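One chain, subunit A, appears in both complexes that follow, with subunit B as partner in the first and subunit C in the second.
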Partner chain A sequence: MSASEMALVAKDVRKTFVRNKGEAVEALAGISLEVRSGTLTALVGPDGSGKTTLLRLASGLLVPDSGSLDVIGIDVTRNPQAVQNKISYMPQRFGLYEDLSVQENLDLYADLHDVTRERRAEVYPRLFEMTQLGRFKGRPAGKLSGGMKQKLGLACTLVRSPQLLLLDEPTVGVDPLSRRELWEIVFKLVKEEELSVIVSTSYLDEAERCEHAVLMHAGRVLAAGKPDEITARAEGCCFLVSDMNGAPARSLQARLFSLPGVADAVPEAGRVRVVTKLPTQRLSLDLAGARLEAEAVKPRFEDAFMMLFGVVMSDQPREIAPVAGNRIAGGSEVVVEVRDLVRTFGDFTAVDHVSFDVRRGEVYGLLGPNGAGKSTTFKMLCGLLPATSGSLEVAGANLLTAGARAREKLGYVAQKFSLYGQLTIDENLEFFASAYGLRGAAKKERIEELKQQFELDQFSHLPSGQLPGGFKQRLALAAALLHQPRILFLDEATSGADPFARRQFWARITALSEAGVTIIVTTHFMEEAEYCDRIIILDAGKNLAEGTPVDIRALAETHEGLAPTMEQAFIAIVEKERSKRKENAG
Partner chain B sequence: MSERERARRFASFRRIRALIRKESWQLLRDPSSIAIGIVMPIALLVLFGYGINLDVKNVPVAIVMEDNSEAARGVASAFELSDYFSAMPVKTMAEAQGMLMSAHADAIVRIPSHFARDFGLGNAQVQVIVNGADSNTARISLGYAQGAVGVWAQKEAGRRGNSVGMVTIESRLWFNEANDSTYFLVPGLIVLVMTLIGSMLTALVMAREWERGTFEALFVTPVNSFEILLGKTVPYFLLGLAGLALCIAGSKLLFNVPLRGSLSILTVVSMLYLLVSLGLGLVISSGTKNQFIASQVTMLVTFLPAMMLSGFMYDPRSMPLAVQVITYIFPARYFVTLLQTLFLAGNIWSVILPNAAILAGMAVALLALSVRLTRKRIA
Partner chain C sequence: MLASLFRILTLIRKELLVILKDPKSRASLIVPPILQCLIFGYAATYDLNTVPYALVDLDRSATSRELISKLEGSGIFQREGTLAQTEQATAFINNQKVVLTIVVEREFERQLMSGSPAAVQVIADGRNSNTSGVAMGYANTIIADFATDWRSRQGLSAPGVQVTSRSWFNPQLETRWTMIPSLIGTITMMMTMMLTAMSVAREREEGTFEQLLVAPFTPTEIMIGKAVPSMIVGIVQSTAILLVALFWFQIPFAGSLVTLYAGLALFLAAAIGFGLLLSSLAANMQQAMILCFMFLMPFMLLSGLMSPTDNMPEALQYATMINPLKYAISITRRVYLEGAQFTEMLPDMIALMVIAAVTMPISAWMFRHRLN
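Here is the complex of A and B:
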């Protein structure tokens, strides 16, 4: 096969980085890979599997330690500029010039790629139409929303037709609607211009839609092929399970996930989707005190992914110790009461008459696209931002009048890692415990308890900034629980975490809710909404829908006999509301 | 030149133009750049309009011995023995003047031919000429000179057992007749402003590109590292010239500092120093990819030496020898010499040429180094 037919050929490529403390981290452990021209290829894998490193090597930004790497038929190690002249690359965090307007950013990249005036006249209107950025040409890039920034980044890489387009997690931190729009642009280009695209992603549904998928783990290729072929590996392994005794899906999921024969278990529409490690005719699972009923279903790409990963991640603990606490029976006590909550910034209304209740021990989800008012609502719930009007009772205290007293009963995990990176796990916990007013033996005891519960002993000497991603998140959660809050707020706590870490995380949340802690979460992963007892969907500051995951799914129509996924339901609800609003306005 | 080669060059030119335009937009829209480029020079100009009192030691003094009598040698030895002076005996006044011009001497002590006779008569004179460019040093040197001669005269009179010995000092201040510290501080400010704009600002904006991840996308385009550096250099070079104009205008209009040398030479040597500063800023930023560290390093490597070790505030000759040697590492030292010469003395080619040549050499070396060090690589 001639070189030009191959967009990328990697042979035994290795790359090792040295961390601050002299510790070597092997990002790529001898990877071999061929990507055909004119295809859309997805690199999938958990954080730290080497996706970004591979893309940076391919774009000539890094030099491999060994092995050979040819990109569009050119040895990129020897001649990076020749490759860079012909490809386009969109880094994970596309560095837009924030002081420059949308048009100026686009012009800069057009100039750098030597795009002629005639070609611009042809390309610009198309890019503006696809990205819907036409209205914002004059706006500084720094003032765009997250989703729009990503779209502008993509537009900048597409001012000319590259021979190969490299996209590094283009949809990370982007809401489901913008995510779908970004993918529509990519699909259109692949179809119209026969572009070769390599895209890395941690969203498995995105990989499923590509022609070719490469599963990466710990710097190696775990599997590669057509997504259908990969999905087929899970044939006969997938079941929807429910408990006739009526245990919530979340609790059932946590128990099923820890069974030895189970590769994966996630809640889905009130039931639990179980993937077994081996194909089986009839699922026979033994769970004390449960009456299980299983229905065989067709596998999805994610099922196969989790099956393949279950093998390499078998050393990861799956069982989460139950949390000691005063177990609650019914849980009808309302602990968070929001009535007609309004927050305005100037003449902009971020939260528009929102009301909801959360009961004790519930897991309650706040969902919505970027800019829907989730974060604003969240900040007001935590007492970080005063409300313009409406009432807000948290743990029996009115936050508007008795903020400090209510806050004692709250725990908060921010979206970004907000502990001290230079302090070790012990020092961080020590500090936050003191900040919460814990002292002496009680403090020591509580810290030990949490370290055990979150399995933090292993790295307790390491500066927390150098912890692996999953551990950082556990530490942040442990720190938020030091003072035994009755209500826990989680702001996109699983953003950027791999599927395994996310399942572990949710198992902990389930254990906490069983111990009577009320949990309020925001998330971009719609399937995570399935873990919630109830969810509320916000857009433009308004309450669009509220109810159990099953209720919400029922609001969207069924297509070709297939029940909508949570994500499809979410998109349908938001779009319906938006078009209604447009009609009213027009 | 082939057609293809021409097209290639033209494309490169267009890329550089695009980068310069982008940088200029950023510069104009970022209040902190404006603050460093325009507000800072004005603030410094006003601030340094006030004098600073400093100690003086080992002032190089040329002693013109027109009289070879014992009395004359006595006066000369009073200077030689003093801690405040380092005396260099010369034969003629012309020779001494040459040394003053080329800044080898800061003062001339002239012992006239009939000093011994006049001393006997009680009306001896010693002429002291001090380089007033640095007015503090000058004023203090003059005081010390008076002291040295006075002590000698008293001792001599006591030895002779009479009170005839009277020496008057006839002092002249050259170059800075007004003896005003603003005369050397204000032109010296140019060195601070050029350093801030050239090194600090450039290192900061380079680090900002690393921090915000803007380089990662920019690198994977046909643009090469030379074009990136040129795109950074040109706008800040122009901003530096604006700062220079501000300083010159300010020193002329606000403080009436005379400009004895030519404006064009001043502009040329300032451009040279600006290039050195830009080179330093770019070299520093190739090593540090974090704005905070970049600002600390430039502060330590460029700004503080420009302030303390360049001769702008403290005369290097009153520093310990080891420190004096160190001052020659820093380009600011040469630029300050040039500035003080051009403002207060004139077009003294014997000073201008070697110092300008050193700056030019440094500029070429640093800019070449920055091109070598800046790679289109991350991590």
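Here is the complex of A and C:
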């Protein structure tokens, strides 16, 4: 096969970074890889597996320490400019100018790449049609939703038809609907323009739809091939398990996940999907006090991924120590009460007459596309934003007007890492512990306890801003739990986290809810809704549906009797509502 | 109450940790004020140390010689040439060899004796109006002094000599003496206002401010927790400048340290109050920075640092009333140079107290209510 038919050829590429404390971090440990032209290739792997480094090397922004790397037939180490002239790279945080309009951003990138007038006239209408941004040409980029921003970023990289497109986690923080739209654009590009695309992602369902998937781990290729082939490796390992004694799926999942023979366990439609490390005819699991019933099912890409990684990542702790606390089982006490909540910004209604209750010890999920009003509702609940009308009570008080004491009962983890980046883990924990009135020996003890529980010790000297993503997340959660809050608010806490970090995170949440902590979460990962006791789906500020995950799925049941995934159900519910609204308007 | 104090201490500790942890940021709080103070002390002076001049003595009397020796005895006027005729001065001035030509006219002694205005002509190089203006001022003062002195020695009544604006003759140090004490207020205001405004804006930008708002801190506690660390930094900075003034420039301190520091503490409270107010208006660090500069420049221009506020149009004089720097400069100058007592400075201190008492509660209120 000649070189020009290959979009990327890597041979034993190595790259090591040196942290400012002098520690060397090996990002790529001799990676070899071939990507054919005109294909869509997904790079998947946990945080720190080297996906971003590989993309940055391929775009000529970094130079490898050793090995050879050819991109579209050119040695990128020797001739980075020649490569950069022919490819486009969209980093995780694409550099849009937030104060410039959509059109101005596009013009700017066209100018930067010397795109001729004639070509612009030809490309712009196509880009606008593809991204459906035509209506928002005049809107400043900063005022677009997360999904639209990513589409605009993609459009900017496409103003000059590149031969190869490199996308680094383009769908982080993007809701399922926008995510689907973004992917439709990418598929179309590959099919109609024969563009080569390499995309890194932490959504495994996205990788499943690519022609080629590369599983990366610790700077090496763990497996590569067609997603179907990779999925087939988990054949005979997948089961849906339920407990005849009626334990909730979330608790069952946490216990199954910690069993030695199990590679993965996730809740699914009231049951638990279990992936074993080795194929087996009949699942035999031993769980005290449970009467398990298992049904063999076809594997998904994610199952194979978890199985392959389960082998190499066996050092990862799976069992989460139970949280001490006054355990109150299934209380009916209402902890959060929202009635007719309305919030307007000028003419725009962000939250439109929303009502719901959350009971003690429940895990309650707020789901919805970007701009649905989730974060606004969240901020009002936490007392960070006044409501326009309606009433809300958290632990018997409105946190905006109630005194500082009322806030002692809640913990809050913001969407973005928001602890002090200059301070170390210890200093941050110390500050937040003192903020909530912990002192002396009790404070020290509590900090040690959480550091141990969240395994934060190894980095405790590093400024928290320099921590790897997963650790930041853990630190934020640890800081929010120092004062043993009765109610925990988590705003898109798992955004951008890899599948392992997400499972660990949910195991902790499960342990907390069993200890009687009420938890309210927002998330973009629809499968995570399965961990919730109840969820509410919001769109355009309105309540579209509320109920248990099983109820919500039932709402979207197809005529063929096929059970939809949580994500399919979500999209169906939102789209149905949107088309109904359009009809009414028309 | 105790719990509240404890929370405030926690905030202060955190704030100082954030400011002082990094050696670079530690240095940036103390080195620039000292450097600025040194630069201002040497550069921003209107005084001249040497004035090259040419002499044309047409009178050639004992009195004219006495005047010349008085001029040169000041140590400032340095004769570059002695000319016979006034016309010869042209070349000296054109070549910038001299700044001034002093012509003692004929009949100088006799006119002085008779009480009619003594005729000394001072020809200056008008191309550099500042330098020659100052040099002319010196010459005028020395000549006028000489005339009064001479006549009183002769037992004659003093003539109606026009006295220039520089009534206190202290040519080497005058501007530096007024400039350096004023810098105690000026430099610390620049630094503390920025520090305060930026620290709140940074927390807003990084999302940590929300984290503070969901914690059991009251807005007042957050406000105090932000103000006190800036105040500590401000006091350290003003002490550094004070030490430079005392030991480097050796400007004698006439007043009481207690009065000075009481005034400084109130001034810092007012300046930080402004910083907090600006930060509560700003959504991010860039806006906070722009707002700070928007206020700092007028504050400095309308403070009496460069030009006295009394000469400004009436409308601007009212505007100076809310300027904390105006009061700070008044306090530092008067306490430092004149030894003004605590009671004399009370009106200025009360004004500062009022500014702090208005800006601080407003900004505390804005913390929670400026949530968009």
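To be clear about the criterion, the second predicted complex is superposed on the first by the 565 of 586 C-alpha atoms of A that agree within 3 Å, B and C clash if a C-alpha of one lies under 4 Å from a C-alpha of the other, contacts with A are read in each partner's own complex, and residues count from 1 in each chain.
Basically, contacts are C-beta pairs under 8 Å (C-beta built on N, C-alpha and C of every residue); 3 or more make two chains touch, one makes a residue touch a chain.
Only a predicted model underlies this, so the values are computations on that prediction, with no experimental measurement involved.
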{"item": "Overlay on subunit A: subunit C relative to subunit B, clash or fit", "value": "clash"}
{"item": "Which of subunit B and subunit C A:S66 touches, first, second, both or neither", "value": "neither"}
{"item": "First (subunit B), second (subunit C), both or neither touched by A:R56", "value": "first"}
{"item": "Touching partner for A:Y97 - first (subunit B), second (subunit C), both, neither", "value": "first"}
{"item": "First, second, both or neither for A:L112, with subunit B first and subunit C second", "value": "first"}
{"item": "Which of subunit B and subunit C A:L419 touches, first, second, both or neither", "value": "second"}
{"item": "Contacts of A:F432 with subunit B and subunit C, given as first, second, both or neither", "value": "second"}
{"item": "Subunit B versus subunit C as contact partner of A:R405, first or second or both or neither", "value": "second"}
{"item": "Region of subunit C that runs into subunit B when the structures are aligned on their shared chain, from 99-107, 243-251 or 351-359", "value": "99-107"}
{"item": "Subunit B and subunit C contact sites that coincide on subunit A, given as residue numbers", "value": "none"}
{"item": "Complex interface listing, subunit A residues touching subunit C", "value": "345, 379, 382-386, 399-400, 403-405, 407-408, 410, 412, 414, 416-423, 427, 431-432, 434-437, 439"}
{"item": "Of all residues in subunit A, those that touch subunit B in their complex", "value": "17, 56, 59-63, 80-81, 84-85, 87-91, 93-100, 104, 107-109, 111-114, 140, 153, 156-157, 166"}
{"item": "Touching residues on subunit B, where the partner in the complex is subunit A", "value": "11, 14-15, 17-19, 21-22, 25-26, 29-30, 209, 212-224, 376-379"}
{"item": "Subunit C to subunit A touching residues, read off their complex", "value": "3, 6-7, 10-11, 13-14, 17-18, 21-22, 206-208, 210-218, 221, 368, 371-372"}
